[in-house]
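Given below, in the form of structure tokens, are the structures.
Note that chain A is present in both complexes that follow, paired respectively with chain B and with chain C.
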Partner chain A sequence: MDFKEKVLQVIAEVCEDDVVKEEHDLDIFEAGLLDSFATVELIVQFEEQLGINVPITEFDRDTWNTPNAIIDRLNELK
Partner chain B sequence: MTPYSSFLFFIILGILLLPTMILGIMGKRLRYYNVFVSIAVLALIFSGGDEGFYSLVIFTILQLVLIKGYISYRQKKNSSLVFYLMSFLSILPLILSKILPFLAVDNWASFLGISYLTFRAVQIIIETRDGLIKQQLSIYQLVNFMLFYPTISSGPIDRFRRFQKDEEKRWTPEEYKELLYKGINKIFLGFLYKFIIGYAINTYFIMNLDHIADGRFSYHLLYMYSYSLYLFFDFAGYTLFAVGVSYIMGIRSPENFNMPFISRNIKDFWNRWHMSLSFWFRDYVFMRFVFLMKKKKWIQNKMLVSNLGYILLFLLMGVWHGLAIQYIIYGAYHALMMTAFNYFETWNKKHKRWPTGKTMTIVSIVITFHVVCFGFYLFSGRPFQ
Partner chain C sequence: MKLLTTIAQHAAVSPEQTAFRNGEDAISYRMLWDRSDRLAALIRNSCQLERQTPIVVYGHMGTDMPVSFLACVKAGYSYIPIDTSIPMERVRLIVEKSGAGLVINTTDSDLGLDNIAVLYTAALQLEQVEVIDRDLWVKENEVFYIIYTSGSTGNPKGVQVTAANLQSFTDWMTSDFPLEKGKVFLNQAPFSFDLSVMDFYPALQSGGTIHALTKDVINKPKQLFENLSGSALEIWTSTPSFVQMCFPNPDFNAEMLPELDTFLFCGEVLPLAVAKELKARFPEARIFNTYGPTEATVAVTSIEITEELLAKEEALPVGRPKPDMRILVVDETGNPLPDGEKGELILVGPSVTKGYLGEPLLTGKAYGIVYDMQAYQTGDAGLIKDGLVYCQGRLDYQIKLHGYRMELEEIEFHLQQSDYIKSAIIIPYAPEEEIEYLIAAVVPEANDFEKEYQLTAAIRKDLALRLPAYMIPRKFTYHFTIPMTMNGKADRKKMKEEVFA
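On to the complex of A and B.
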């Protein structure tokens, strides 16, 4: 599994919805798939499964809103 | 002089901002002239004597020492104890200003806007801890952010890194004209909200309720709805002024309201009402609390973690408004509503009993409206008089 697939897998697990694996430009906050509680879950999973540390204050809803955007941001932090 | 409370204030502000607008339209840097405007308006606001000028000065110096000291420390070390201590010291003046009135002593710690300024300062400490602010900040940058006069008295609560981006930006004439247009638009909408609609609800309805209502129950019921509407128009009006003036200064301060009375549920409401405050609590209290619980694996139960987070958030938000009984009960009420909704949402995700569709959306909006208005009724303090 490459990095992109891994990230999508984590997002899908936290959102409890596989739609994020198909629609990479879906706004997951607007779609109601992610709330602040699930966001923290996502951040914890990134750390545990991918070894990437995302500070909570870094996770801005305007720039971390779609699967593609999240992959880009994680690539920057890698 | 209280900001945005009199036409004199607007007239003086208009004259002071005229050169800013001309500079902006010409595509020149705004920051140097804006420093002069800021000092003039701050002097105007705090020269009355009742606004706590000296407390503001001491408060600002204290926060500068704490922030600059913590950034220097964080460049070398990162102990949790130091972080918590610094955060506590940063909030201490606010705590004092809330407690002193109960000790029946002069409230020397308080000044206009202390609740809002504290949050701007603490936020810098938290982002430094998270490694998002690494470089030492200059006194100019800090003072300019903390004492940004358009939003000094009641917010919106901006974030340092966002503010800084706008402050350093040199707007092109086209971009500035757009900002100016939006800013003036907001200010005039603010007049409509605060000085026409809000004023009318208060003067012609709430103050005449004794004659309009025909009994205690109807009095309180009518008060509940009219006060809720008044509160919105008054506060949203103020916010439009604050954001509008910010825009003219070249700073896009965040919004506070996004049609709160069409919220579909209580969670939705808190994404639409006093947003800069609720997002502050969401990012710096709720999410950090949940993260800590998960990371340290202190509590495994998801429902329990999120509910404890909500209780913590809303009790703190209540106390932040003041230590009076109505604010504490207001906080507890919203904590209760959020946890109840949390249970319902989880249950409904499994069983899908709450029908979807247009009609049900309207039903949800109506229910939420009443729940929210009852919250404002508690907030007003009227039931406890």
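On to the complex of A and C.
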């Protein structure tokens, strides 16, 4: 699995929905797939499964809103 | 009413003190008192409503929300707070069912309501000075506010809280908790959720400042922590889930909030691990756990969570009853059980509210008279040991998710309304003691979607029209049938096994 697939897998697990693997530009907050509580879980899983520490204060809904955007941000932090 | 008289005194003695702020706007005690008087006069003069007619106050956390609440009760009406997170269809239902005579809209959005007068606070000049006669204020046994909670038949039900109920609660908060005068209180919960009452009225009665977090701030961790850093908070009031959400930030501790000396929790189970973590991060602060349903005015038990209690490594108690309340544990036939035995918790005394608005049958089922006092049958399972009350889940399908109370049957009712669904049941996912999210196990109607996620997206869209976001399941699983029990009911246990297989 390449990095992109791994990230998509983590997002799909936390959202409990495979839609994110298919629609990479879907706004996951607008679609109601992720609330504030699941957001925290997502950050924890990035750390656990990908070894990337995303400081919670860096997480902004406007720039972490789609699977593609999340992959870009994680690439920057890698 | 003492609460209102005291707010008037604060307005006279420290007029410039901030009563309420939300990060953008703030309102002083003088402005709060003055504007609510004027708005009360305007409502009285222009609407000709019968005394005690409910008034819907719609909005999020703008300064016009507290103004409108006080205006309603000063003019002798009750108010129904409705947060902007509630979908329009549900707002319409509440307006209709409550028999509300007016909607005060503190937002700019058009609610599309017909057949009811709508007052936009933004457009109001309120220049006319008119003092409202105190004789008009809501009286002891009249309704002060009505909060709508989830109902199992698919309709939300309105709990009517009287002035006497609220006064009794507020007096208990300000005397039995370390809430000295003039403190800064956190308000995290939307006003349609009665956890907000836990900070709102105790803060106003003690001349304090309510520091409200808007959903935009809560949704952006960066803004949230900047906001908290500059908040000078002294009293923290939230659900345990909310404080837990702050834990991933290692800087969330006494250094970030040096003035914080008291945590008040309500709305759901306080997990031992959360209380421990909090003690480690805020060693000087005192932590209080409380418990109570909306029907008994916010909370009726309390306990300070001490190091000693934490060291026991046991599930935390919800505490001792509020001094004027009696709590009984009864078996299925209503007979009181001895100490330490598990049964249903019955609350008796002046915190118990008036019942559900316009629902005599539902009221009759849940409310009654015990020892000549108003009593409420909670549906909560629990026990009392050495004078301490312990909660142990529910006897029915009501649940708490991140502090929000809901009936699984209500979500199921709305799922079944969807054209894509034949039948459905909701399964809470709770790997440990608290529920993390909801799973909808669905038997779908025939459909043209290629992939399951497309069907899920369509169902979500449907649900969002009728239910608040916090009631929409996170996960959807699809099945051919729902297993049945011997007597023809949905077999939740079997379904659960199938979902987790």
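Everything below uses one rule, namely that the second predicted complex is superposed on the first by the 78 of 78 C-alpha atoms of A that agree within 3 Å, B and C clash if a C-alpha of one lies under 4 Å from a C-alpha of the other, contacts with A are read in each partner's own complex, and residues count from 1 in each chain.
Heads up, the rule we're going with is that contacts are C-beta pairs under 8 Å (C-beta built on N, C-alpha and C of every residue); 3 or more make two chains touch, one makes a residue touch a chain.
Since we're looking at a predicted model, the values are computed, not measured.
When the two complexes are overlaid, the chain among chain B and chain C that reaches more residues of chain A is C. By the touch criterion defined above, A:A31 lies against chain C but remains apart from chain B after alignment on the C-alpha atoms of chain A. By the touch criterion stated above, A:D18 is placed in contact with chain C alone, chain B being left untouched. Contacts of A:I56 after superposition: both chain B and chain C are touched.
Under the contact criterion defined above, the residues of chain A that touch both chain B in one complex and chain C in the other are 35-37, 39-40, 43-44, 55-58.
The part of chain A that touches chain B in the complex is made up of residues 35-37, 39-41, 43-44, 55-58. For chain C in complex with chain A, the residues that touch the partner chain are 218-222, 225, 241, 245, 248-249, 402, 436-437, 439, 451-454, 456-457, 460, 464, 469-470, 472, 474-476.
Considering their complex, residues 15-19, 22, 29, 31-33, 35-40, 43-44, 55-61 of chain A touch chain C. Residues of chain B that touch chain A in their complex: 126-127, 130-132, 267, 282-284, 286-288, 290-291, 294-295, 302, 305-306, 309.
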